[in-house]
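One chain, chain A, appears in both complexes that follow, with chain B as partner in the first and chain C in the second.
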Partner chain A sequence: MSLLEISGLTLDLPSEPSCRLLDGISLNVGAGETVGIVGESGSGKSLTARTVLGLLPGGARTSGSVLLDGTDMLRCPPSVALDRRRDTVSMIFQDPRSGMNPVRRIGDFLTESLRLCEGWSKADADERALELLRSVGLPRPESHLSQYPHELSGGMLQRVMIAGALTAAPALLVCDEPTAALDVTTQAEIINVLRKQQETRGMGMLFITHDLNLAAALCDRVYVIHSGRIVEYGSALSIFTSPRADYTKRLVAATPTIPSVSGRRSSAAASHGRAPSAGSAEPALEARGVSKCYAIRGGADIRAVDDVSFRVPPGGALALVGESGSGKSTLARMLVGLERPDSGDILVDGVSRSTRPRSRAERLKRARAVQIVFQDPYLSLDPRIPAGAAIEDALRLHSTLRGVEARARVLTLLDRVGLTEKHSQSKPRTLSGGQRQRVAIARALAAAPGVLVLDESTSALDVSVQAQVLDLIDEIRRERGLTLVFVSHDLAVVRRVCETTAVMKQGAVVESGATAGLLEHPGHPYTQLLIDSIPKPRRSLHAISQ
Partner chain B sequence: MTTFPLTRAVPRHFRPRSGNPLFTAAIILAMVMVIAAAAATLIAPYDPDFVDLGNVLSAPSPAHWLGTDAVGRDTLSRMMFGARTALLGPLLVVLLSTALGIGFGLLAGWFGGWIDAVLCRVFDLLFAFPALLLAILAVAIFGKGLTAPVAAMTIAYIPYVARLVRSLVVSERGRPYVTAYRVQGFAGCWIAVKRVLPNVMPTVGAQSTLNFGYVLADLASLSFLGLGVQPPAADWGAMINDSRGALMSGQSLPALVPAIAVVLVVIAMNIIGENLSDRIGGRRQP
Partner chain C sequence: MTILPILKKLGSLALTLFAASILVFCSMYFVPGNPVSFLLRGRSPSAEAVAAVTAQYGLDKPVPEQYVDWLANVLHGDFGRSFQYREDVSTLIASRAPATIGLVALAGLIIGILGLAAGITAALNQGRAADQAILLASTGLAAIPSFVGAIVLIAFFAVQLGWFPSFGSGNGFLDALYHLVLPALALAATFVALVARVTRTSMLEQLGREHVEVAVSRGIGRGHVIRRHVLRNALGPILTVSGVLVAGLLVASSIVEQSFGLSGIGSLLVQSVDRLDFPVVQAIVLLIVVIFVTMNTVVDLLAPVIDPRSMAGAAAR
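Let's turn to the complex of A and B:
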């Protein structure tokens, strides 16, 4: 019998029109097997994972069964479910920081269940915690025990969470997007830790992710879930290489990848609208030795951006790629004038913008030159202002259009980003993530800017929505001859849009050049590391046997 | 068991969302008070100042529903007319302190820096003064009546509103949507007044509703001390004061009626204010 066997799991919420969140989910995980659940937001993948621990939303009605080592987690008494959570199954969540009590030490976090539930002595429990911290590859286990969560980075905290989940030596580890909040190189490290622990302990692992690449890289078998139904399952590689269900096909097509050989899209991106590269034309956007420092109280200054220079020709597209803390977002904020460089200069169409604007006219002129689309469409729109009104505000500020003309222009802009008149009356909270980001793009276009900065503009979106928004950006860019600066952590994403790429690390550009060339022949070890860290489908045992 | 058939039969989600009976009751009570005050001249059974020495301290009767006071004035009529000053005073204080508090809070929260530092110290200073003490001081300087206590209470209640507005504005100021307005080229003042302020207003409104109850109690205390509205004008606090003698001689009703009215209005305003802020809090969560 399998370690975990879910059959015909259906879950309804008692809301007004009865809301079926899970519909006939059946899956199984064997001992020592890694099984992935892949789906987009709202697909029910996290909910499925939680039922394994017997964690259900209030008032939920379920049918079917979730057999964990022979215990039905849906029907058993709470005390039995608690015992199973203590000895059979553990869970790791997406955000390690919110999963830990910030005022307690790492040592307390790791040992309290042993001391309080199993009655271990403090010395024994500490010894066990040290052993666990060492096994997840933390550098200084002894000192970590007395540290607080805020002293550790996100990647280190996620290792602590893994160590915590392993204290009881569970037979099944449920991982709910454990790397979604982490950098790509950190993600690769965490995945290695998980894989190693899974192999040495012979645990079963249920791995929830939105990232098809990641699932294919880690899992033996993958279930693809969409609106509460499993649409396809099979070996990881077969799903990735020969998807059968329509939804999976769309998902695979939308997933950004970096091919080992030169792909079709990179050549497409390189072929269109590319102005002569090196400096013959006046650049639309130029950074000359831009630096920015932040003073830290009681510590050395942090050089967020360190002597960065680049030129983007009119109609060109530059990608700034780096991990968190690389200074890419600070640079983006300087480009749109939210911060001023400490030294160096930023020129748009040959005009410097590193000083404060002196007048209203100058401020507006600068706003018309560069606009930005932010990362999180849930936060970058005013919650009280309907989509149409938000765009109209920007139009009124930057043009002489008023009344009916302005309304007409708003509808044209909405239409351009694939929204309709109906959406113009909608408050942001009634729109989906993709629709909000479209509104944000339309609002940026209202000022008719020459340069558009995209600050991680698609990273908060689902894979399929991200693909649509990327296509939209690419179209608009071609149509209007926009100059793009795309700030991103994801090489695979910028590859779709930008023909040149600059890789940033710790505030400095370590390598720049044509995107395709950079991906094929990375010149800097850090670029190589970034590319290597991107999860790639591995040849699993099932695949080899086929 | 047949004790809970109704709640069992109606599933939780079918019960009306706004069906908090306390909230409904509080709203109804507040409306009754307002109507009684506004229409006092039309519906009050007697002239509030009509003295009937042949009928002093009478018990409730069909002629006098709430009895009469020590000089034979009809308690119900005096309650209705008293509601005018009892409600008007706090209303003025709440309107003025909200308007000024929003101004100062917006200044402090939006600009930060030394403006914030100076204003916050001033708020601290005002917090240190008991509101009642400030009002007594104002009465001592400017004389009795409604104006001096209202002005003093306004000053005393500004920091409550300003502190709240400041903290809300500080948290809004850092939000990406404000940054987005800046990038679009909007002026700081426009963003602060036209966009940030409306987003914090619901919470401020809820706080001001709470303040209404507290101010009403404070003003009633002042007129109880004889520093507020002057006799013979009817006022709840003054009515309690006038009936102290009757209280001593065992006639508790003339003092009890206005006292209960004060307590009821304060509780009602608390319930309304808390419900409003709960609703706003619930709505703001994504």
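Let's turn to the complex of A and C:
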């Protein structure tokens, strides 16, 4: 018998009678086996993971069974489910920072179940916690015990979460997107910790992710889930290399990858590539020794951006790549004029914009020159303003169009980003993430900018939606001769759009040049590290485990 | 590192009190009416009599000098003499204080117990009958001014049922406590409703947090989860609101004292305002400001204990 055996699991919520959230899910995990569930947001993958622990949303109606080591987690009494959570199954969540009580110490988090539920003495529980912290590779276990979560980095916290999940020595570890909130290099470290713990303890592992690459790199078998149904399952490699279901094929095609540099996309990007340092034409966007410092109360100043210079020719596309804290978003905000550099200068079409705009006209003129699309379309659109009205507002500010003409222009813009008249009446909350980001792009285009800055504009989207939005950006750029600056943490994503790339670390550009060349022959060790950290299917496993 | 913010807080406390003392002192000159004419009780005095009274109370000196004298005396615990009672303000307040302290303390106890209990019950039964009932009751209670509440309580419990006395302070500890039950209930009603609402909202916010789900997923019992992760984290907003409520409680206590004929500080304030007894008004207003500002400074200083992240701005990273 398998360790975990889910058969015919369906789940309905009375609040959403029209759609079945889980529809006949069947899967199994053997002892010591790593099984992946891959799906996009809303597919039901997290819900499936939670049923394994008997955690159901309020009022949920289920059928089928979730047999965990012989116990049906759907039908057993609450006290039995509580016991299974204590001794058989543990779960690791997506965001360690919101998954840990901010007002309690790390030591308290690690030992509370032992002390409160198992009746261990404090000394024994602390001893066990230290042992676990050591095993997940934290540098100073003794001092971590008395620290609070906000004093640790995201990667360290996720290690603490893993240690916390291992306190009861579970037979099954359920991981729900455990690296989605982390930087790519940190992700590689956490995956290594998980793999090592899984191997040494012989645990079964159910690994939930939206990232096909990651699933293929880590798992023995993979289930692909879509709208509450399993559409395909098989060995990780076979799913990745020869998908059978249409959905899986689309997912594989949409997943950004690094290795095949000779792919269709890169050649498309290269076809209108210019030399990165084309000094002949006046650059559309230029940064000259731009620096920005933030004063931290009671600490040393942080150099968020440190002497950065680049030139982007008209119609060019520059990618700014780096991990969180590298200063890439601060730089983007300075390019748009949301912040002013402490020193250095930013020129758009040869005009400096480092001084404060003196008049409303000048401010609007600057805004027209550079527009930005932010990361999270859920936050960057006003929830009370319909999509069409948001775009019309931008038109009223930046053009002379009024009334009927303005509304016609709104429809043209919506049409350009693949939306229809129907969407112009919709409030953001009724739109999907991809549709919202299209609205945000249309709104930015309404000002007819020469330069468009995209600040992680696709990282909040599902991979298939991300692929569509990236295609859209690429099309619009070619059609209008837009100059693009694409800020991203993901080398595989920028590779699709930008022919030149600058890699940032701790505020400074460590390497820049043509994207293809940079990926094939990284000159700086940090670039190499970024490339190596991207998960790859098991064939090239050595890359990630090093 | 941790002592500096505390010193800063105490410094700003001192500054606030200083500013308040100026305002309180000057209020005497904003109010219509003249202390001298009050002191002479409407008699039409001779010029000499006016001059004598003016000199006796130091009213002939320039205003800044009067303020400095007054402040120096206040710092020595001397608030001057009451115009209407002809005795030291400090003695007067000291004799009236026990009734008010008893009233506010009992009301505070009721607010703390009933407010928290109602809020927690509502949050844990969100959407169910208990929650609805508590929400409805708290809306009603919050809408009733304390003097109306006082009259209703007197009419019902004192006049109709005769369970509690409706007037006076009583003699001896138990009798005094017995006399304080209705006033404390009348005073607490509105604040119970406010605290219940804040507790409910704050608890619900915490209940939806991911760390609560994580705790449940780790097999920790419901009681432990509620106490250690929900209620513990919900304390911050509850405490902040409680600090602000202190001012309302002190002000409302004067109305309740009047309604129930308690001779406390609140009723003394009302009478003194009525009769332009400036030294008493100044002393009581200053006292209320001191209590309010001190309570809120204490709440501020407690914040890092409640939530260690609030120190992070100064210390961490």
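To be clear about the criterion, the second predicted complex is superposed on the first by the 526 of 546 C-alpha atoms of A that agree within 3 Å, B and C clash if a C-alpha of one lies under 4 Å from a C-alpha of the other, contacts with A are read in each partner's own complex, and residues count from 1 in each chain.
One rule holds in what follows: a residue touches a chain if its C-beta (ideal position, glycine included) is under 8 Å from a C-beta of that chain, and two chains touch if they have at least 3 such contacts.
Nothing here was measured: the structure is a model prediction, and the numbers come from that model.
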For this session: Look at A:14 in the shared chain and tell me whether it touches chain B only, chain C only, both, or neither; answer first, second, both or neither.
Result: first
Exercise. In the superposed arrangement, which partner chain does A:350 touch: chain B (first), chain C (second), both, or neither?
Worked result: neither
For this session: Identify the partner contact of A:101: answer first if only chain B is touched, second if only chain C is, both if each is, neither if none is.
Result: second
For this session: May I ask you to decide whether A:385 touches chain B, chain C, both, or neither, giving the answer as first, second, both or neither?
Result: first
For this session: Considering only the touch criterion stated at the top, classify A:77 as touching first (chain B), second (chain C), both, or neither.
Result: neither
Problem set entry | chain C partner contacts - residues on chain A that touch it in the complex | 53, 55, 82-87, 90-91, 93, 95, 98-104, 112-113, 116-117, 148, 150-151, 161, 164-165, 167-168, 296-299
Problem set entry | Residues of chain B that touch chain A when the two form their complex | 11-13, 175-177, 179-187, 195, 198-199, 284, 286
Exercise. In their shared complex, at which residues does chain C touch chain A?
Worked result: 1, 209-211, 213-221, 224, 228-229, 232-233, 306-309, 312-317
Exercise. Can you list the residues on chain A that touch chain B in the complex?
Worked result: 14-16, 59, 336-338, 360, 363-364, 366-368, 371-372, 374-376, 378-385, 393-394, 397-398, 429, 440, 443, 447
